[in-house]
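To keep things simple, chains are lettered A, B, C and D as they appear, and every chain counts its residues starting from 1.
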Amino acid sequence: MYNRIKQEAYDANMELPKLGLVLFTFGNVSVVDRENKVFAIKPSGVPYEDLKPSDMVIVDFDSNIIEGDLRPSSDTKTHAVLYKEWEGIGSIVHTHSTYGTAWAQSNRDIPIYGTTHADHLTKDIPCAPPMHDDMIKGNYEYQTGYQIVDHFRDCHLDYKEVEMMLVGNHAPFCWGKDGKKAVYNAAVLEYVAKMAFLTEQINPEVHRMKDSLINKHYERKHGKDAYYGQ
Amino acid sequence: MYNRIKQEAYDANMELPKLGLVLFTFGNVSVVDRENKVFAIKPSGVPYEDLKPSDMVIVDFDSNIIEGDLRPSSDTKTHAVLYKEWEGIGSIVHTHSTYGTAWAQSNRDIPIYGTTHADHLTKDIPCAPPMHDDMIKGNYEYQTGYQIVDHFRDCHLDYKEVEMMLVGNHAPFCWGKDGKKAVYNAAVLEYVAKMAFLTEQINPEVHRMKDSLINKHYERKHGKDAYYGQ
Amino acid sequence: MYNRIKQEAYDANMELPKLGLVLFTFGNVSVVDRENKVFAIKPSGVPYEDLKPSDMVIVDFDSNIIEGDLRPSSDTKTHAVLYKEWEGIGSIVHTHSTYGTAWAQSNRDIPIYGTTHADHLTKDIPCAPPMHDDMIKGNYEYQTGYQIVDHFRDCHLDYKEVEMMLVGNHAPFCWGKDGKKAVYNAAVLEYVAKMAFLTEQINPEVHRMKDSLINKHYERKHGKDAYYGQ
Amino acid sequence: MYNRIKQEAYDANMELPKLGLVLFTFGNVSVVDRENKVFAIKPSGVPYEDLKPSDMVIVDFDSNIIEGDLRPSSDTKTHAVLYKEWEGIGSIVHTHSTYGTAWAQSNRDIPIYGTTHADHLTKDIPCAPPMHDDMIKGNYEYQTGYQIVDHFRDCHLDYKEVEMMLVGNHAPFCWGKDGKKAVYNAAVLEYVAKMAFLTEQINPEVHRMKDSLINKHYERKHGKDAYYGQ
């Protein structure tokens, strides 16, 4: 019944080590089935080389396990909140990829310095602050989901345009219409994060790029007359 | 009829992922046929692993599609302008390679710090400034071509000597007599860009290398009595 | 008789080059047999590609060779001291991995900046100072073992919680319940060391993460109600 | 007649790309035959993937070609001078490896910050200054050899202890008793160069390590009672 999302979640998870985005099991991808209001997610602690499509765990939007013998990723509640709150997303990726995580540990948004960034979003990649202590002590992974959702609302960010972000002192979360796009976004975030780091090292006085160029690049790829591709 | 340039463009494009110069489809190579005044260029958005020589699109110097079922790279107009204006070039490469792009995002020329750089050109690798807003809003990719050509003219640079450059806030463009040489130049730019970054980190007081050494290295490889090779 | 620890030590040693933690022979792993009070360790100077399980040398806790035709690693006495003093460890790894060694050469503890670190320990990764000159001139590798043990005692660190550390001007030592866990820790140290370096470059004003978040991440993986995995 | 040194030079050259020390043809290894006063060196500009042992060119210590159809490396005269002046060396490696070259471009010696460095030499890795203009304009590669030899003499360095160095604004030169050892030294230089760069970034106030520790590590590997290996 859930074979499609299990296979898609498996395929997407297997892309993470190929793209150099994970060490050991430090990452997970889920894929949603909107009709049945469930998602398939990587089981907890299983090495990528041992993973099979049938290992994916099926979970509903309240984090109840619907199908599967293995324990779902410990980040499952964060995924569930995002699927519940953001109806337009089809897949979520969480990694501790090196450069993205370093920006998250720095508690800084990643400034938009070039067209590689602007091809994908017009905003700095946002970094949500770490949670308040009582949220940390409570239902932590569930609250992480709301920390993300609340930060987007507070900053007037649209999750359909900004498909990647950082949780402060933690690491990146990305999403997209399907598993392939979500993993693509996770790789783009890491690439942009590395180049932004280098840019500031090369020119400590650097400014964000100008709005006219940001908008041109974003519109040529995502606007109503989009024509982009390389 | 265009099989030669299709094959050469295909081969050159396929070198980009092997040399670590592209993520996903963030790059493209074209190869010109001067006799027929057309060039072959990578189609837009096709993953490298799916690319075939017959996928290459044939375009004239006014960016009209002459042959091909796929949409040509969105950077096609930039290539067309360069082929039209610079009659001595046989191939063009555009990448968003990591270190080259970081210098472009920094809006800085890459200073000539060592013989690896001087073996290939005697000048700093130039970085053209971002375009004026009206050029950005207009025929953007076409104007990018003239931004490059104009910057070379304004700075008295010779495109036959300086076969690589950066567009500010964007990324590198390189060229050469054929696809192999253009890709070679793209890899050299990335290598030199990384070492220049490191050099400034190791010695923030560093100066450009002296002219006598620049000229010796360039002449032994490109002068009339060239004898270079390693 | 010692086949189990020889095989486990061999397997663990062979993981080091796969994980990019060693150049040439710059690293070694040992695995202990608590019942027989001996450990198996990599022979000295043998390239990883030539290594066989039967090459492992069996040594007791006073560094006497019990079995084996090859010379044991020159760091053997350090391993012996740690096994003797710390009864709860099953395996030790020593590498000169790039980022970990750079922190050791900097004589700095690695500050805890994010959850990747906190998932594994609640403390900064400690860096023991270089030894006094008379200890260096004496039984150097033996004294290195006590430099580690003494530093943990002086800093009130528990080797069962903090399974990784640096010896100043030298390089990392890690351990764990078995060879697999010790090598895992060596890879985590290197990953955390790289991200901490980047974090300080991106935000020179960065602070250690807050205790509530450190404790939450550590407890969810290591506490009595642990549920962690990704 | 020269098959032994051709094979050894070929094998050593082929290690350079495997160890990540060269881009394209930016490097070369030679191996000497002391009895016949000749050396085998990589031909100029031949890609590593096309290289054969029989392509190696045989040259005497005055840079005369003794055997071979291809042009020898353009750095041949530098190699010839070193073989002539330093009778104890058996092989020479020249690369433009990334971190080593960045230090050379910075015109700085690589300070000795840790035991990885001290295991191989007790001195900072020396960087010879760029040559005077008249030497550059003259017999450049020949003068490069004397720039190296003179710098060692002026700094009271022993080429038998210090088997690696940098030429300012250029790149590393290394040597050893045979091709394998010379290439090993080229890889060690690159590794040490990267870690020294990182060390200074992590701790800008860092000092050279203390002499007692330098000498201990060097002596345990190279002293009369050497016992080192990992």
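The rule we apply is simple: contacts are C-beta pairs under 8 Å (C-beta built on N, C-alpha and C of every residue); 3 or more make two chains touch, one makes a residue touch a chain.
Listed by chain with UniProt protein names: A, B, C, D = L-ribulose-5-phosphate 4-epimerase.
In this text, all values refer to a predicted model and were calculated from it rather than measured experimentally.
Undergrad: Considering only chains that satisfy the touch condition with subunit A, which of them also satisfy it with subunit B?
TA: In this structure, no chain contacts subunit B and also subunit A.
Undergrad: Which chain lies the greatest distance away from subunit D when centres are computed from Cα atoms alone?
TA: So the chain farthest away from subunit D turns out to be A.
Undergrad: Suppose you list every residue number at the subunit A-subunit C interface; are over half of them used by both chains (same) or under half (different)?
TA: Answer different: the two copies use largely distinct residue numbers here.
Undergrad: Compute the distance, rounded to whole Å, between the mean C-alpha positions of subunit A and subunit D.
TA: That pair's centroid distance is 46 Å.
Undergrad: Subunit B to subunit D: how many Å between their CA centres?
TA: Distance between chain centres, rounded to whole Å: 33 Å.
Undergrad: Listing for subunit C: what residues touch at least two other chains?
TA: Subunit C, residues with two or more chain partners: 201.
Undergrad: Chain adjacency by touch: line, ring, star, complete or other shape?
TA: Topology of touching chains reads as a ring, each chain with two neighbours.
Undergrad: If you go through all the chains, which pairs of them touch?
TA: Those chain pairs which touch are A-B, A-C, B-D, C-D.
Undergrad: Inside the complex, what are the residues of subunit C that reach subunit A?
TA: Residues 113-116, 184, 187-188, 191, 194-196, 198-199, 201-203, 206, 209-210, 212-213, 216, 220, 227-230.
Undergrad: Contact residues on subunit C for subunit D in the complex?
TA: 23-28, 42-46, 71, 73-75, 94, 96, 98-99, 101-108, 130-131, 133, 136-137, 140, 169-171, 197, 200-201
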